[in-house]
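Note sheet for the following structure.
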């Protein structure tokens, strides 16, 4: 291909095909998730329930559990009510509504296995259904235990990326630079970065992908911050291109970082992308202040990775 | 070996030996499982109970839990009944059957730890057995919790393979092509493919295995679909062979794909195989429609990976 | 070193030092565990309780749980008894022994959270202790749930090794051969083998370790059986040595196999060792019978991997 | 750079930047944790609660659970008390304090699901709140189960490092040596070591990092002890430097060891660092005594790895 300064570059296949979408479409959302929705197997078959329960927000998850708890108690209370309140010992209410409510409480006492026993099943059918409900309760809470463990133990991306990607002075030339830091107190180790540029080829309107060389593509620790630098030398597909031209070609810089969560020795994959609107020229990053506090600890303010100044 | 156009190819050892079976025998079932059954250590010693509980269908698992629940309650109720209903407080039934049923309910209230208490153990032996049963209940539900978590958290193969494998035009020559897509909404990353052809050698009636070169054998994302292509150039063991000849040699194409489940950073192994009856010639895949929906998401219909057209 | 046919071989460091023990000492036990006991940090500091609970036999684990359950109930019942049975409602026994036993049952009903309630704490101190006991019960069963899950989900070595290691005809020369098979129905994939020979150097009485070249050191599947072959060519440290000489040098063949459990995508490490008494000469393995049963499955009897015949 | 004997060495990037702190600041604490504190996202946003619960000491964790249990019971008891003790059946106390205490016991019986039932909710609001509390109890104990499992199943660093790092005779030259051993009875396999020296460059007052060559950088087993040796030949950045000079340059030797816990096949990362005050010259390690006990086991006292003697 000849669009970059009359030179040829090797394309990379990362799995997004070569179709070009309208310019506002990103390959990655701001949270690093892939901007693709799969359909075609029927309404629910593309959904994996466990993954869905793991990935919905904590607020939604709690809401879901409470809703489910309400529904299942109403469901069983209705069955019990149809059997008749006289199938249960300890129900002294006389109005149907009070009896129904008492049976809701009884249902909740059964499904959570709290079983006070001031209300208890007397008739055979009521006893059998209560027996099934308590089994169901144990199974449900076994599932909830598993999902909760799955939720908080799964390796989560805790990287913070600088808001902008800079074209800044680098040695004698320029470099494409961004910074990352770990937002959390636990350590990320054995970190590796891969940076891919995707661009529209104006001649055939196809998407093309190029891996960008990095000055340093792995660090053992992400203890402070990491400035990832692609030197824009004459081998770079960015060489000699202005930000205007990058905009015209709808450039997106895709970042893939893999590290290891030091607490659990589990791999963590982080993704981020910068659209050409996030590029800045003639600026440089301000080095992070690293101080030693009175405990002898090196203190770094991760939020400062965004800071840059005009050259 | 000389059966392929008078050229020699290096054999691959993937672990299936060199014995040739009758033509209808596949090395892999359609769900990707290996078509082998191991015996020789006594009836149950080849079974690992935990693996078995993990792999049986959800329907069978639920059936098993309910059956087990019924049996264990009948078992303990029988012991309690032999001890005598007068060992228990709160049993007002007079007929033996009613008493037996009451003891079944009591057993279920004990093993689930719901313990209403309208029936309770009074005698020493009854109290001790109930105490053991409630311990047993906790252990059993600890196991069920673990098995349920094991069931839904284990990395599952969610790849969809095109129904056919095509011998389609590829650049100036032909290529062996099939397509895969992820059926689910979560992402598979760092995907690697290995394709092995197994064929009967007509001269010595032995099985032989050959690794097929792939145009691209790894992609970072399996976001849309992936067309895996083996170029049938003069270095390919498929070069110049007709589908008829592939049939005669009982060719099976074995596909091994390894990826990483992006939600859990866990490795996923997928397997598939195509028998020669699934080959098609003089056709090509229809590119998948990739649209952008009103949320700005790229939408792809995974079921379309099967679609192909005559050239 | 000059002990092997006047040739030099490169030693391997696998981590067992170079000290030579008396001949009956193995580096590996027959179950693959390393035959080393570490001391020096005080009686219990070398033990990790979780690992210990994971690795003791199921029988011992069950015994431990029951013993612990008995002791903790006796402990709490003793406290309750010291407080006085009149601190509890529902105790109608008059003899001290009966009261003590009733309190044991109450304790077990509290710790398992079954809580029938026919006996219940009335006094303040009794209520507080019962409240603490039920918390303790939940924590203990949380731990037991975790340990049980840890026990059955941990990757276990399920390889069966042939009883003998053979020096058998191999192409034009001889080969050192043994066979392995997976005892269980689930699959082991991506298997890799490393074979190390350790020998006493008669000149300086030191242990030496040599990695042995293998004909094939990895297979994708361990579906049937795998014959691992070290060709005894003139580059092998075994070349020209008789079994008598191997005995004199107290040779131990150490085998390290790494695979992936296909159900959980977890790595499995298997170890085995053969002492020179397990060598056999002038025999060869009988190929395993592989039949197709009426379900179309390839059936293999893993126990047949031991079978060999005189050449 | 010219500070080491007029020779140039390649610097290593491990992720700690090039800023030099006052000499007493270590990069690693004695427990191997990284000596960095991240701030900048608001008081709590740098904390991950799950990681925090996993990493606090067992004593603090137990204290936390008990405190939380007390607070939540006081909280619910207060709500119940505000509703009025007459909303509950079975409360016979007349003084407000006794009623409040009874409601605390009731709360604990509800949240642990022990539910004796001698006290039980009668009014509608009390029943609903008790029903919510029992749900909350199950969720909380699901979380505690997960955290406890996370705590004891996470791969922990169990390496013991010798107190000193020695500059000892090694073949014809000298070597930098330290010893490691596994403190626990389970095995660590597939161990790999990386050793990095960090030093102050007196010319520009910057930190520099150099990877040190190792004689052997991996062993299959860490069964006994492992002496890790960096030969101080003329290619070493330590060549010709006295301990005094190392002190002046505030040298810190950083050790990264990765192994696999053999019981769980999980990766374990261990870190350690030696400051120049821990260097010793003209001494050598005393070989560990390895005896065979009456069970035929090789016994090694790991605490002896510290022992050294004057040359």
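Details
Note that the chains take the letters A, B, C and D in the order they are written out, and that residue 1 is the start of every chain.
Just so we're on the same page, a contact is a pair of C-beta atoms (placed from the backbone, for glycine too) under 8 Å apart; a residue touches a chain by one contact, two chains touch by 3 or more.
Owing to the predicted nature of the structure, the values given are computational and were not obtained by experimental measurement.
The copies chain C and chain D differ by a rotation of 90 degrees on their C-alpha atoms, rounded to the nearest 5.
Look at the contact of chain A with chain B and you find different residues on each copy: under half of the numbers used there are shared. Each chain gets one centre point, the mean of its Cα atoms, and the points for chain A and chain D are 27 Å apart.
Touching of two or more other chains is recorded for residues 109, 113-117, 145, 149 of chain A. Residues 65-66, 69, 73, 101-102, 104-105, 108-109, 112-118, 141, 144-145, 148-149, 152-153, 158, 160, 181-187, 189, 191, 216, 219-224, 226, 260, 262-265, 290, 292-293, 295-304 of chain B are the ones touching chain A in the complex. Those residues of chain B that touch chain C in the complex are listed here as 13-17, 19, 21-22, 24-27, 33-41, 45-48, 50-52, 54-55, 89-90, 109-110, 113-117, 120-122, 124, 127-128, 130-131, 134-135, 137-139, 142-143, 145-146, 149-150, 154-155, 194, 196, 256, 266-269.
Here chain B touches chain D in the complex through residues 113, 115-117, 145, going by the rule given at the top.
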